[in-house]
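Presented below are the structures under discussion, each in the form of structure tokens.
Shared between the two complexes below is subunit A, which has subunit B as its partner in the first and subunit C in the second.
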Partner chain A sequence: MAAANDSSDLSSEMEVDAFRRVVQTYICILAAGAVASADGSALAKIGSTTMLAAIKMEVMTPTVECPDEGSIAIEFHMPPICSPLVRPRPADVASVISKQLSDTILSSGMIDIKELCLVGGKAAWMAYLDIYCLDADGALFDAALLSAVAAFSHLNIPVVSLNDDGQIVLVSEDTVQLKLEKEPVNKEKRKLKLNSLPFSLTCILNKNYILADPTAEEESIMETVVTVVLDSSYQLVSLYKPGGPVLGHTSGIQDCVALARHRVKELQNVLNEAISDMEID
Partner chain B sequence: MASKTGSTPATYSPSPATHKKKRIPIADWVCPDNRGFYQCRPAYLRTGAVSTAAGSAYAEFGNTKVIVSVFGPRESKKAMMYSDTGRLNCDVDVFAVVLESGGSDLPVVISCASLALADAGILLYDLFASVSVSCLGKDLVIDPISEEESYNDGSLMITCMPSRNQVTQLIVDGEWSTPKIHDAMELCLGACSKLGKVMRSCLKDVVTDLKE
Partner chain C sequence: MEVDRKDGRTANQLRPLTCSRNVLNRAHGSVSWSQGETKVLAAVYGPNAGTKKNENPEKACFEVIWKPKTGHVGKAEKEYEMILKRTVQSICVLNVHPNTTTSIIIQVVNDDGALLPCALNALCVALVDAGIPLKHLAVAICCCLADSGDILLDPSKLEEQIMKAYVYLIFPNSTLSVLPEESLKVIGEPMEHGLIASSTHGVMSVDDYIGCLERGRAATAKLSDFLRRRLQSQFQIDPSKLG
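And now, the complex of A and B:
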């Protein structure tokens, strides 16, 4: 089985339109104001695959074993609008991607959950990240990860203070001028500090070819899928190859990783542009 | 640290909005986006939002954002029934997702669904437009935002087919007097016919874009 290894010229093995998809990322503020629908959100569109990520911050009591840590709950939903395959049977792939995303984001070290602590031992943030697939046209994990990373980049942590009952309460703009005796607990920390951001690329393997960033039609005819997740310094965060009839020869996997490196550069530029556009507003 | 399996800790939202709802003096009510009481929010409508669906539409009325996709006609389960004449049973599936709820959600979903069905090429008697009105004390407010809906004494929603002048759905709840209902219905039907024109021009634009 001749994998794509001998020739050093990748382009002869790569499908011609591997990267022809236009990547559009928008970080949009879907709700304005402090008491709003989402604290951080982003819409990511790769080709036709569209993902909407939204983060809602709630307050929880940290566990006894880790009193200085907050928590992140990640869930991926595929509502029936995204694809004709979702009804009558709910998509099995949704729970797989949900777990994959959760593992990747938490293990990538992008977020230090100690930053989510408000009052040690008493209150910490729980970030609920929900990702909705609006249009499922292949490479769902890539778009979902991109939208999650963008949502965290956009996240504005609400300013809160401790009230007399020991509960954390939101400080809204009008009360800031009036009640200054209740010091906001986290006046300085409004944005999460993100370490290396993870970006991913999904490829499908055939006997002789590697097809990067497949559409739903392409995914349906090939069974061997490889997802490579790299962080912004090109370190490998995760490699996911769930079986498939094509074996993962080292060279094939190395080619996938090389393709992923190109992709990381592209996606980083797109993300930076989207963040700077948002800050101008 | 990986997410802890088993117990999900109880969380609460720090926002005070869930606490007591202070009653604002209705007489001085000014809509946050400076609309008149009889002015609807500007409508942004686009078809073809979801590539995998037979037809789809995206609607944005102020802060209310909705996507509707239509799949079909698809084979129906009723195809199992015996019949001695040949029969083709089809189902059309319409799914909606509210991306952001800014008030008056159901009317927006209905209008958007009508565009999605038209985009899918399903045969329809007519497009249908839907508008709701809230009664705030003595005033009627058309196309209310969520804050206005939460203060209302009553609400009325009408779905109608503008060209055929037929009402397909009427939902009334809360306190209403008969003359107020008449006024509210007049308001809604006027707004529906205007919304119907906006929807038609949205569909026509798609066709003219294709021709170019």
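And now, the complex of A and C:
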């Protein structure tokens, strides 16, 4: 391709290439207890990339500095099943994505950790979010974030009550029938209130083109990757470009953000459909 | 807009920079770099023979080791290592020494905000000190966004924690050509307007982010000048020492 073209031609080509890719990607979420034993779970598939997210809630004592806050621990695993390039030793990519995910989820303000408090100063929820990559075919962060958001949307906080020793105990389904000694501590708060949900789009930058939502083959050829995370009010939660030979100019970055906006709308629809399917069950 | 910063700086003012080259005996290139209280020691060993597994043997390979001041090496350190490695791969000429590994070690001496930019600046000077062939240098800066919408440069740790959001930005060094015509002739956008790497924390609007980019770019001109002066003066002294 010639270096000096009409900028208008190139930008229209850029749009067409990028949109084609975004439209052709098949997204499907199967929420609703993909993992029956977890308190919240979701299986997200974008193209071939498959992620399974599961949340387990445990009661813990909050720290002295923040007595009315719970906490969330996010871990991303890449077991060898996901890709021939991953061996049993934890891949470096997994640690980086894990850190990126926890930064994004905690700084996006999706979850107010004060809501995870049960009894101020004595008991609070600790949510363990584990995301397993089952099939790594590019754009791992996007699928992982989507599955995490879906899992939190599906999360059912277990009912607990205070027993005589002042300990929080889980109220199992059978004892609900019998008379309870104490009222459950959180009978009304079974679902977590989520503020603006973050959604992300990964793009590859080439000198003249932007490819949205790359597969693993495309990612292996081009080294420059940009991940844009927007929340439902189109605020920028994260713009992550971890170095690469192609430089990001303002126009390129704004194109990526525009593509991300489209993606946010699509993903919101898919998530809402999945949640409403789940509620019907 | 007047902003009250704890240490009395203006919004666009960077902290005092100090840089000493060749501080370590055994390392091929080393530098001690500090921006205000944030201090980083960077060392380069290389090129050494042989590449690691799964790396392309036709190109030079780089490995970055990040050592925090205290505690175990965790995920944050791995993330920094990855960002620095990819940045280094984009600024170095990889074809000159194929099938070699260059190790870059970053030791954090003190963390008072803007740690990744400080480390990257140190790394570039260390690479020059070691004589690794580079296409151009990279300069890094941290911009933070206050609740009022003001953009402050180079925050300290306290400022980073209270701000709404902060961004680490890495730009290529501004080009200074020997031929004056080359500097003027610019096809498309000038290279120093590009962005090598960016890492954000906190929520901000897209316009705020673009504003941070502009401010960061303007400030990197000062950093580039400082780097140039530092690297030039050393070379003028050395020949006389050789006698």
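Here, the second predicted complex is superposed on the first by the 242 of 281 C-alpha atoms of A that agree within 3 Å, B and C clash if a C-alpha of one lies under 4 Å from a C-alpha of the other, contacts with A are read in each partner's own complex, and residues count from 1 in each chain.
Quick note on the criterion: a residue touches a chain if its C-beta (ideal position, glycine included) is under 8 Å from a C-beta of that chain, and two chains touch if they have at least 3 such contacts.
Because the structure is predicted, anything quoted here is derived from the model rather than measured.
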Partner chain in contact with A:Asp103 - subunit B first, subunit C second, else both or neither: both
First, second, both or neither for A:Tyr132, with subunit B first and subunit C second: first
Partner, of subunit C and subunit B, that touches more residues belonging to subunit A: B
Contacts of A:Leu52 with subunit B and subunit C, given as first, second, both or neither: first
Which superposed partner A:Gly244 touches (first subunit B, second subunit C, both, neither): second
Subunit B/subunit C common contact set on subunit A: 103, 107
Sites on subunit B touched by subunit A in the complex: 1-4, 8-17, 49-54, 56, 63, 65, 67-69, 71, 74, 93, 95-97, 99-101
Of all residues in subunit A, those that touch subunit C in their complex: 3-4, 85, 92, 95-96, 98-100, 103, 107-109, 223, 231, 234-245, 247-251, 253-254, 257
Parts of subunit A lying in touch with subunit B, wherever the complex brings them together: 30-31, 34-35, 37, 48, 50, 52, 56-61, 63, 66, 69, 71-74, 79-84, 87, 102-103, 106-107, 113, 126, 132, 134-137, 158, 160, 167-170, 172, 216
In the complex with subunit A, residue positions of subunit C that touch it: 54, 75-76, 78-79, 81-90, 165, 167, 170, 172, 187, 189, 191, 193-206, 208-210, 213
